[in-house]
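Below are two complexes that have chain A in common, paired first with chain B and then with chain C.
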Partner chain A sequence: MTAVIKTHLPVFVVAAPLFVSFLLSPMARRFGWVQSLVVGVQGLGLLLAVYLAGMILKSSGVPIIYSMGGWPAPWGIELWTGSLGAFFLLVVAGVTLPISLYAVNNLSDEVGDATRSTRFFVLYLLLAGVLAGMALTNDLFNIFVLVEVATISCCGLVSARRGPNAAKAAFNYLILATLGSGLILGGIGLVYMITGNLNMGFAGIALNGVWQDYPHVVWMAMSFFLVGFGVKAALFPLHVWLPDAHSTAPTPASAILSGLAVKGYIICLVKILFGVFEVHLLDVFRLDQILVLLGMLAILAGSILALAQGELKRRLAFSTVAQVGYIVLGFGLMNIKGVAGTLFYLASHAVIKSTLFLAAGALISATGKTHVKDFAGVGRKMPITMGVFSIASLGLVGIPLFSGFVGKWYLLLGSLEVGNLTAAGVIGIGSVLCAIYLFPIIRTAYFEPAPEDDWQDPGVPQRLALVMLGIAVIGLGVLPGPLLQLAQKAAADLLIIP
Partner chain B sequence: MKILLGKVLINYPYFAAVILFAIGSATVLTRSNLFKKLIGINIMESAIFLMFIAAGSRRDGVVPILHMDDSLRPYINPLPSALMLTGIVVSVSVTAFALALIVRLYRFYGTTDAKRMSDIRNGVAKE
Partner chain C sequence: MKDFVLRRVVALLLPFIQMFGIYVIMHGHTSPGGAFAGGMVVGLGVIGFSTVFGIEQGKTKMPEHVTTITESYGTLWYILMGLVGIFKGLPFLANKLAVDVGVPGELTSGGLIGLIGVGVGIRVASTMVTLFFTMMEEEA
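What follows is the complex of A and B.
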């Protein structure tokens, strides 16, 4: 019995949230059950993800391959739990659990009554399951389907709030994201036309043999993927939809969108670039330099635009644009240190940005204010919320002993290893700009006199969620050990270094 | 030149796909009417479906269903057609969702034009 469960573990991790999400809508009348089911399935997912990651770590990166329906690889669809998959699965499970905990009994203001909140949870679990699927899938067309489901559930989450602003943001997001999906599907079609395979491993092998005959097709497919996923992941010049969408969404939705959904697309892009085209082709087509350049642009532009924003959630949303730049830059470095560092940075940013958005949501719903200068004296009235917000800000800036530092340190080492001093400089400037746009909020909150209003920390589940995330930010910074090891294995797998 | 023209003529479905794709994405990016944007998205997706189907088809190919008598005749590759069924389902659901959003926006603004919507919104902000 345990053996059966063990072999089906990868598919269970993906299917469980999807299955539960469809059970929820008829249960809307018993909203308590809905909430406990959501938190329960997320908790189970976290346990399984930890178990899978432990297994991968123990076997030093030997992947667990699961063929759907028992059909072997070139014909059937594979779920490939390698070190990259286990790593991202762990990140997804670790961040979705506190976010769903935060949403418990807390949606009535932003989303509405039990029926609407249940619909919100349906979309939320759908997104969580799809992100887990993105971590494990090894099939090009599967990626397209997952990306589409993720897009629709993201847009649904953005439009969950009543009113025209949310609908406008969701519509713009939907149109641009569908344009991106079209490009991704075109890229998949081109790869299928020259390789005859949809399995990424087999497509990679076939492409290795034939790419010299079709250099233009390879170029076109690469750029289709880069632009398509770039739109969805809000890579700098293509980020226009992100600030509206992420700042108008309800708090838990902004947290999962900024923290995880954006990264899911980046993981898919990386899987395709490194898994199908492989490192030497990326080298031939100079994609490493393009990625580094786009990353640097995104860091500078995102940080400067974030500085210009007065609304707290918009500032955080633009900060996500900058952080996506770090992640893309790291993949462009193409050495173990850079790629491992960027993977770790991806994980730490997922935790930090969810924390910041949840804390910001708690601040906004307690005070009813949205501008960064309005939070004078909040630090004393809402000690837990503001404390966790400060911890996460320190982490995002990259102060030692907080999780952002480890990732940024490895990114710096990686860029020095390839001799790219400009990239190293931009990473440093990005950190300084990040301090400039986050620290004034903390200063206002602690060192300015508080008004007489009665502001309070949010309820118990929300506090628990915030404290869990805060501990994770510090924990990853003090003891990066196992996660960093997993990231290094994943980097070695991506770069095909034994 | 003659060879190039011949290639284009033989691969005319791809040529059509490229033209449709350009029309679709230009419509999405330049039109401010939300319905026109949505139509543009649908044209663009049709272009990609056409490209996929063309990749799977072959001249004089038959339906890939096995009969005893004509099993030796060439048949088309069924995989791209099957994939595009999924693609069409996805595109229909995106369209439905976008239409629902347009209805919600129209109820509030009384227009389906993105420019007029932002005018109205800015006007509200000034008051």
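What follows is the complex of A and C.
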């Protein structure tokens, strides 16, 4: 039995959340079962992901290749569990579990009755399964399908809250994301046209031989992928949909959208850029410099825009735009330190941003206020929520011993290694700006007198979720060991350095 | 709609429309069309019935709790068919290796694909109907 599970592990990791999500919607009347099933399958997913990552780490990065239906690679579809896949899978499983725990018994205010909440969980699990699929897939057309399913479930999650604002935000997102999907499909079509393969490994090999005959097609395909995934991942000039969508969504949805969904698209982009075009072509077409430039722009613009926001959730949403900049910048550095740092930063931002959004949601639902200046004295009344919020803020700024520091440190080392002082400077300025837009909230919460209000920490599952995430922020900062090792292996795989 | 001719014609045509849809679903692997197209035809049959005989009448034929179940379990069926391969000790979604696929060109020659098609067809049909009902409710 264990041997069977071990061989089919990659399939189970992707199929289990999907299986449960299709099981849920007729069960709306037994809402207790729905919730326990969701949390249960996420817990199982985390166990499987940890095991898979351990296997990859132990075999020092030898990928586990699973051919669907028994058809080998160029004809069939592969699930490729390399170090990058295992890494992202671990991040997805580790963050979705606390978020689903937070949603337990907590959706009625924001989403509605049991039927609507069940539908929310269906979309949530669909997104979790699709993100796991994005981590493991090795097929260009599969990426397109996964991106589409993710987009549709994201739109559903954004519009889960009733009201005109949510509908408008979801509609904006739908239009822009559809544009992005179109561009991605165009890029896949161009790659298929000149390589005749949809499997990324085989497409990469074929492209290596023919790219000199079709330089314009390659250039166009690259730009299609960059813009298409850029829209979906909210890369700076294309981020316009994100603040509305992420700030109007219900709390758990904001957390998964900002923490994970955006990164899923980045992982897909990276898989295509480094897996199909490979480092050599990125170098020839100067894509590394474009990525660094876009990243720097996003860091500065996102941070400054975040400073201008008065509403807490909007401020956090703009902060996501800035953090996407760090991640994109790191991939543009194209050295082990930079790419490993950016992968670790991706993981730590997934944890931190979901913590911040969950804590912000708890603050907002307890106090009924949304503006950053309204949370005076919350620190005394809601010690757990605000404590975790402060830990996550410190992590996002990049204070040593918190998880953001490790990622930013490696990013700095990476940019100094390529001699890009501007990038290093921008990383530093971004951290300072981040402190400027987050620390005043903490100051107001702890050092200003509370109005006479009966504010309380949220219920037990929510507290548990917040504490789990808070521990993860500190844990990744103090002992980055295994995850950083996995990130370094993934970076070496992406850059094709043995 | 009160028109006698329209009601009669739809009532006469409906069984044939549904039959054709089911035929297309079942023969997805041997002829053009397939589960998606066939499911569409089946769903359109119900939609035609509802436009002529009224939404209320249509909803008694396919109430919401039934479409919820068919939609979810139609997709679930796909994953269950994928698991057949694993139970036979083969990869997920294995078909030719897991079951006897018979003589090419015959109805049963698709192996599990025919069975998967039935699930997809049910799902597509009920999704079409749900979409139609949702839009009509918003109109009213």
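By our rule, the second predicted complex is superposed on the first by the 498 of 498 C-alpha atoms of A that agree within 3 Å, B and C clash if a C-alpha of one lies under 4 Å from a C-alpha of the other, contacts with A are read in each partner's own complex, and residues count from 1 in each chain.
We adopt the following convention: a contact is a pair of C-beta atoms (placed from the backbone, for glycine too) under 8 Å apart; a residue touches a chain by one contact, two chains touch by 3 or more.
This one's a predicted model, so the numbers in the text were calculated from it and none came from an experiment.
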{"item": "Chain A as common anchor, with chain B and chain C clashing or fitting", "value": "fit"}
{"item": "First (chain B), second (chain C), both or neither touched by A:473", "value": "neither"}
{"item": "Chain B versus chain C as contact partner of A:159, first or second or both or neither", "value": "first"}
{"item": "First (chain B), second (chain C), both or neither touched by A:148", "value": "first"}
{"item": "Touching partner for A:69 - first (chain B), second (chain C), both, neither", "value": "second"}
{"item": "Contacts of A:268 with chain B and chain C, given as first, second, both or neither", "value": "neither"}
{"item": "Contacts of A:434 with chain B and chain C, given as first, second, both or neither", "value": "neither"}
{"item": "Chain A residues touched by each partner, larger count belonging to chain B or chain C", "value": "B"}
{"item": "Which superposed partner A:189 touches (first chain B, second chain C, both, neither)", "value": "first"}
{"item": "Chain B versus chain C as contact partner of A:175, first or second or both or neither", "value": "first"}
{"item": "Closest Cα approach, chain C to chain B, once both complexes are overlaid on chain A (Å)", "value": "6"}
{"item": "Residue numbers on chain A that touch chain B, as the complex places them", "value": "141, 144-145, 148, 151-152, 155-156, 159, 163-165, 167-168, 170-171, 174-175, 178-179, 181-182, 185-186, 189, 192-193, 198"}
{"item": "Chain C to chain A touching residues, read off their complex", "value": "65, 68-69, 71-73, 75-76, 79, 82, 85-86, 89-97"}
{"item": "Chain A to chain C touching residues, read off their complex", "value": "4, 8, 11, 15, 18-19, 22-26, 66-70"}
{"item": "Residue numbers on chain B that touch chain A, as the complex places them", "value": "21, 24-25, 28, 34, 37-38, 41, 44-45, 48, 51-52, 55, 79-80, 83, 86-87, 90, 93-94, 97-98, 101-102, 104-105, 108-109, 117, 121"}
